[in-house]
Amino acid sequence: MLLHLSTWTEVEAYLVSSTGIILPIGSTEQHGPTGLIGTDAICAEAIARGVGESISAIVGPTINVGMALHHTAFPGTISLRPSTMIQVIQEYITCLAKAGFTKFFFINGHGGNIATLKAAFAETYAHLADLNLPNAHLVKCQVGNWFMCGSVYKLAKELYGDQEGSHATPSEVAVTQYVYPEAIKQAPLAAEVGSGYKIYGAADFRVRYPDGRMGSNPALATPEHGKQFYELAVKELSNGYLEFLNAE
Amino acid sequence: MLLHLSTWTEVEAYLVSSTGIILPIGSTEQHGPTGLIGTDAICAEAIARGVGESISAIVGPTINVGMALHHTAFPGTISLRPSTMIQVIQEYITCLAKAGFTKFFFINGHGGNIATLKAAFAETYAHLADLNLPNAHLVKCQVGNWFMCGSVYKLAKELYGDQEGSHATPSEVAVTQYVYPEAIKQAPLAAEVGSGYKIYGAADFRVRYPDGRMGSNPALATPEHGKQFYELAVKELSNGYLEFLNAE
Amino acid sequence: MLLHLSTWTEVEAYLVSSTGIILPIGSTEQHGPTGLIGTDAICAEAIARGVGESISAIVGPTINVGMALHHTAFPGTISLRPSTMIQVIQEYITCLAKAGFTKFFFINGHGGNIATLKAAFAETYAHLADLNLPNAHLVKCQVGNWFMCGSVYKLAKELYGDQEGSHATPSEVAVTQYVYPEAIKQAPLAAEVGSGYKIYGAADFRVRYPDGRMGSNPALATPEHGKQFYELAVKELSNGYLEFLNAE
Amino acid sequence: MLLHLSTWTEVEAYLVSSTGIILPIGSTEQHGPTGLIGTDAICAEAIARGVGESISAIVGPTINVGMALHHTAFPGTISLRPSTMIQVIQEYITCLAKAGFTKFFFINGHGGNIATLKAAFAETYAHLADLNLPNAHLVKCQVGNWFMCGSVYKLAKELYGDQEGSHATPSEVAVTQYVYPEAIKQAPLAAEVGSGYKIYGAADFRVRYPDGRMGSNPALATPEHGKQFYELAVKELSNGYLEFLNAE
Amino acid sequence: MLLHLSTWTEVEAYLVSSTGIILPIGSTEQHGPTGLIGTDAICAEAIARGVGESISAIVGPTINVGMALHHTAFPGTISLRPSTMIQVIQEYITCLAKAGFTKFFFINGHGGNIATLKAAFAETYAHLADLNLPNAHLVKCQVGNWFMCGSVYKLAKELYGDQEGSHATPSEVAVTQYVYPEAIKQAPLAAEVGSGYKIYGAADFRVRYPDGRMGSNPALATPEHGKQFYELAVKELSNGYLEFLNAE
Amino acid sequence: MLLHLSTWTEVEAYLVSSTGIILPIGSTEQHGPTGLIGTDAICAEAIARGVGESISAIVGPTINVGMALHHTAFPGTISLRPSTMIQVIQEYITCLAKAGFTKFFFINGHGGNIATLKAAFAETYAHLADLNLPNAHLVKCQVGNWFMCGSVYKLAKELYGDQEGSHATPSEVAVTQYVYPEAIKQAPLAAEVGSGYKIYGAADFRVRYPDGRMGSNPALATPEHGKQFYELAVKELSNGYLEFLNAE
């Protein structure tokens, strides 16, 4: 059940049986010469919808711009500052909590969002308590990172070994190829790829990782791999969501 | 050309010939008993993509949550506060302006966004000047409201007369039916519908407009109408974008 | 009844019979070579006081600095950023709402304030609800733009036709001449005047509108015209205020 | 020379010979049963204009709402939060500094503004340096509190002794009587008046100072006294401004 | 009793008999060629702990970075902006007030903090009222500036006369020598020292006060003096705290 | 070398040979019935000073209040909201970066700070770039969590096995016992201790972890263990700092 394809009366009915919601969150950022700028949002959205279908949970609108300041030296990247993203996340949750939702499961496609999401959750719990919402003490948020699912990680290692890298990875590119086969890109990839540098500011990042990839070889990706990753992530995160929902 | 389906090198290439970008913006808010919560984002996104295709312009990620505070007494609505939305819009534009974009054309699906968008543009121009960006003085933003296109307005009057109303209108519902025929909703609509009240806070809004419609009869909508609206809006906004782009 | 010339006990007494208040809002911004920098505040204040007298409503302190970022390339202009102005408006309303006021009628002298005022109202309604004020749901705000009164508009067209323009207009200059006859300015006005350009950033504005006028010929203004405009606006806005106050 | 009665070209001309400006700042707050809510703004404005005339300095728009949170339990009081007021002051100064002003002399009518003004100055100096304004290092701000002028203080002691008190004082009431003789108020004043309590929150303030006066007997005020105070303050602050302006 | 050396159960027990707390606040800023960068925090902390011991009050963590923007042209200085410091102070007080504390006594070692602290208190009282805390109306904050104690001031005059100056004073340096005898610094001090200039921005400050001292001769300081100052301040502020605590 | 025990001229000299600085950051939060409220700050400060001594690095003032919102249902806890902490961290780094520091090594004693610190670093890099600081691109920040050092973790497992738990751990309590042997606390500890629950809001936390411990048995701690942990952490983090400093 997709929130944006539902009516408010359907949401009202849904809330009778469940107060959980899935919120896909990605990023709009460079993913190397062949990766789509929307990769993280595309993966998060597709997998979140798969999860929503498999377990009849409602899926909110995709947050397609996240915390990608370190990628902003590449054109096409859009990022919120962390403190803005905290505010945005807080306002999403506050609106939904006032309507009765209490369990917020963010299916996340971007490692760079994790720290800010956690900070946002902490800030939001305190905010809801300050608002004296009757259900404030019941609100719980969790991040499910599809790319950190055990099954996904294992398959990526099997298929790509070290060439999985950590950004513009073949696994995430594969998922986008599966979702948007019409947008598979070809471009020459330098044999040498930046790897192992820590992430600091945007200018430094571009020096270390001149084509945007971080130790990855996305040329290994195929749509078939993408399907496999998708299915593994949907399965594992569906279980994760149910556990979260059912936790006392 | 969709930003999220492009690579950063494609964006770099695009910027050589054009520094314009289209940004769809909608809302996630109740649209009466039969209107989709995502109506405004769906319409803006579909029309923006149509415009992008027709004139080879790049289309950014859809901003699917906007300023809908007055709808927040209905479950499923998500809204930013205006000052948060100003910050968000400013950060989108700032990232893109640093990359070289200068003409920002927001295709908007929600009347409630207009005031805040205008405020955001003013704040952003000043912010960019303060940052001493070399192209700060060239940055220009414009809102294109598809539902206020002359041709759209005319057709809505012809088809629906006064039953067009001003929220959860048959014209916007028709566009969503055209885009998502699988999500056409049926529900009884009260014969009487709230109409003509000014908009104040969320609690007051729900009292005035108990089922969420504002003077509209969305039961008149058909997917075929939607196609007509879509095509008129795409045509008119394509011209609007080109004029904006080419203005000295 | 002017708030600043009243005591708190008089305000307390006033609140027994009415919870409405008029707040004049203008701007401190260039108005061409002969228009006063305080034009918008002067007009709003004078007309608001006229309205207050005619219908025995209390009139608050004039907000004489508004949203004029696009005029800041001309010396003497002072502007708030929109997000600051939202905060300011919210704090005014919150203080007064806590004291019992519920109907806030802003008599506005500056087109550039409108979007930010509307954003501020939306943000304030939500803020008051979050504060759990007992009268939060009753708070209503409205903008009355004196220069957009039907009767004013009609007279301006009759007197000036196209030379009314849209900034540093003869009509607003006339009102200031009526209010401050000692401050009528003479200066040569270029025969050619910028006109029809959209408003973007401050630097661009000054290029388009080099002497600050927007298509207007303020040399046509006279104090007698000003008196007429003043009286029309007072009459129309007095009715507007009463309607607003009496609306269910 | 009053900014609001000047044109931008007059301001431009003024800046050739002086980069100083006087900004009156008051408050909109209860002043006991007979004191005007606008007392602090009225005094600051009148005295600032007197100073401006006597030494040909430009006088900006009166900031008539300041930091009066502790008075907000009395109806009619309007206050900014300190952090909002800091932002407002910063934006005033920034606009004017960009236009070339460097010496900002705030003529202040309200003790409660002093701390926040000082905080605002510090924040603004740092902000201007961050903006890389060419004249940032020249910007200097000063507060001139008319009620703390030595000559004013001496006269108040002579005329009223201990009955001067510290809020709703006969001296400030006298100045308002001189400026607005038509708004002299009569009301019974309790023989006992709260005195000597420290200022904490608004609710506590109202308990300590039930009619709003702080140890004062404003019944002693006369318009003639007001004239004397006005003249003393204008003289002393004119000297203060010139010293400030001429300091190396 | 030091908060950081206590357990939460000890704090719970303390609250049964007292709801007062002492919060030391200093600064991290240059103090001339021989003064420690931590001078203000060191003095405030040592004296606060002395007060805490002498009267069995709990002492919170030292706020060792305050408002020192005007010193930031000297390396080693760290400052918060006033609006950030207001937020920080508000969050400290809010956490503690929710736990039951109501009397907040800030023992302050830095003149530059005073204005911002006062602004913070005003903002916090209003914030707590908005949160509807049951004890909001009881919360009271006070600043005790050790260097402004009558007894301290008198001794400084006796020992140093005019060479006390107003920053990097021998009295504060003496206290740090008493607390940290191992960190007594020797450095040549120019015979001439900047004096009497007002404080504006950081760049201006460094021009006026090239070695960081303001009219002071810290070479006069001795650890023995420091002990005397310490004891006088502890005694006077202990009384001050008790008065504050016991005030009705 | 401790910043607070240095003069600005010593800092200036230090910057000639190194632009690195160590910043200890802890928290002020409950640590169970026997753990000190200052545990995280005490450990971070002691270890940071040990590191500073061992490798002649400068150590800044301890940030002793961090992000501990989830502990705020226990008296004595003080927390910043994440967005406030981001601002604070940004202002520390900005002041120091303007003075020439480029490598910021935060020695952290609290797991709850990590997400917000990372968010703060990202926001700060972007902020410094926006300020156009000449060394903005060189600024790099890193967190060194003493409790996550491999050697520390190994020893904790050896000494305490599962009773190490994850909050109010015997290892951190041991370090505080080593640093403050005079503040070793005795209190009965329930045999059963909350364990394995995720962290959400403060009220929920207190329900799950009624005495504040998370699966730990701090009764196992001894000052001798503390010395061992201290030495291991100092050694490992000294190496970590040098690597960070020397990284290209």
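In this document, chain identifiers A, B, C, D, E and F correspond to the written order of the chains, with residue numbering beginning at 1 in each.
Just so we're on the same page, a residue touches a chain if its C-beta (ideal position, glycine included) is under 8 Å from a C-beta of that chain, and two chains touch if they have at least 3 such contacts.
Which chain is which protein? Per UniProt: A, B, C, D, E, F = Creatininase family protein.
On a predicted model such as this, the values are computed, not experimentally measured, just so you know.
For the self-contact between subunit D and subunit E, the two sides draw on mostly identical residue numbers; the shared fraction is above half. Matched by residue number, over half of the contacts between the chains of D-E recur in the interface of A-F, chosen from A-F, E-F or A-B. Distance between chain centres (mean CA atoms), subunit C to subunit D: 24 Å.
Note on chain placement: the centre of subunit B and the centre of subunit F lie 46 Å apart, centres being C-alpha means. Centre to centre, using the average C-alpha position, subunit A and subunit D are separated by 53 Å.
For subunit C, the set of residues touching two or more other chains reads 72, 81, 87, 132.
By the touch criterion given at the top, residues 2-12, 15, 28, 30-38, 41-42, 60-62, 64-65, 72, 74-81, 84, 87-88, 91-92, 95-96, 98-100, 180, 183, 185, 187, 212 of subunit D touch subunit C in their complex.
By the touch criterion given at the top, residues 67, 69-70, 72, 81-83, 86-87, 112, 114-116, 118-123, 125-126, 128-129, 136-137, 139-142, 198, 200-204, 247 of subunit A touch subunit F in their complex.
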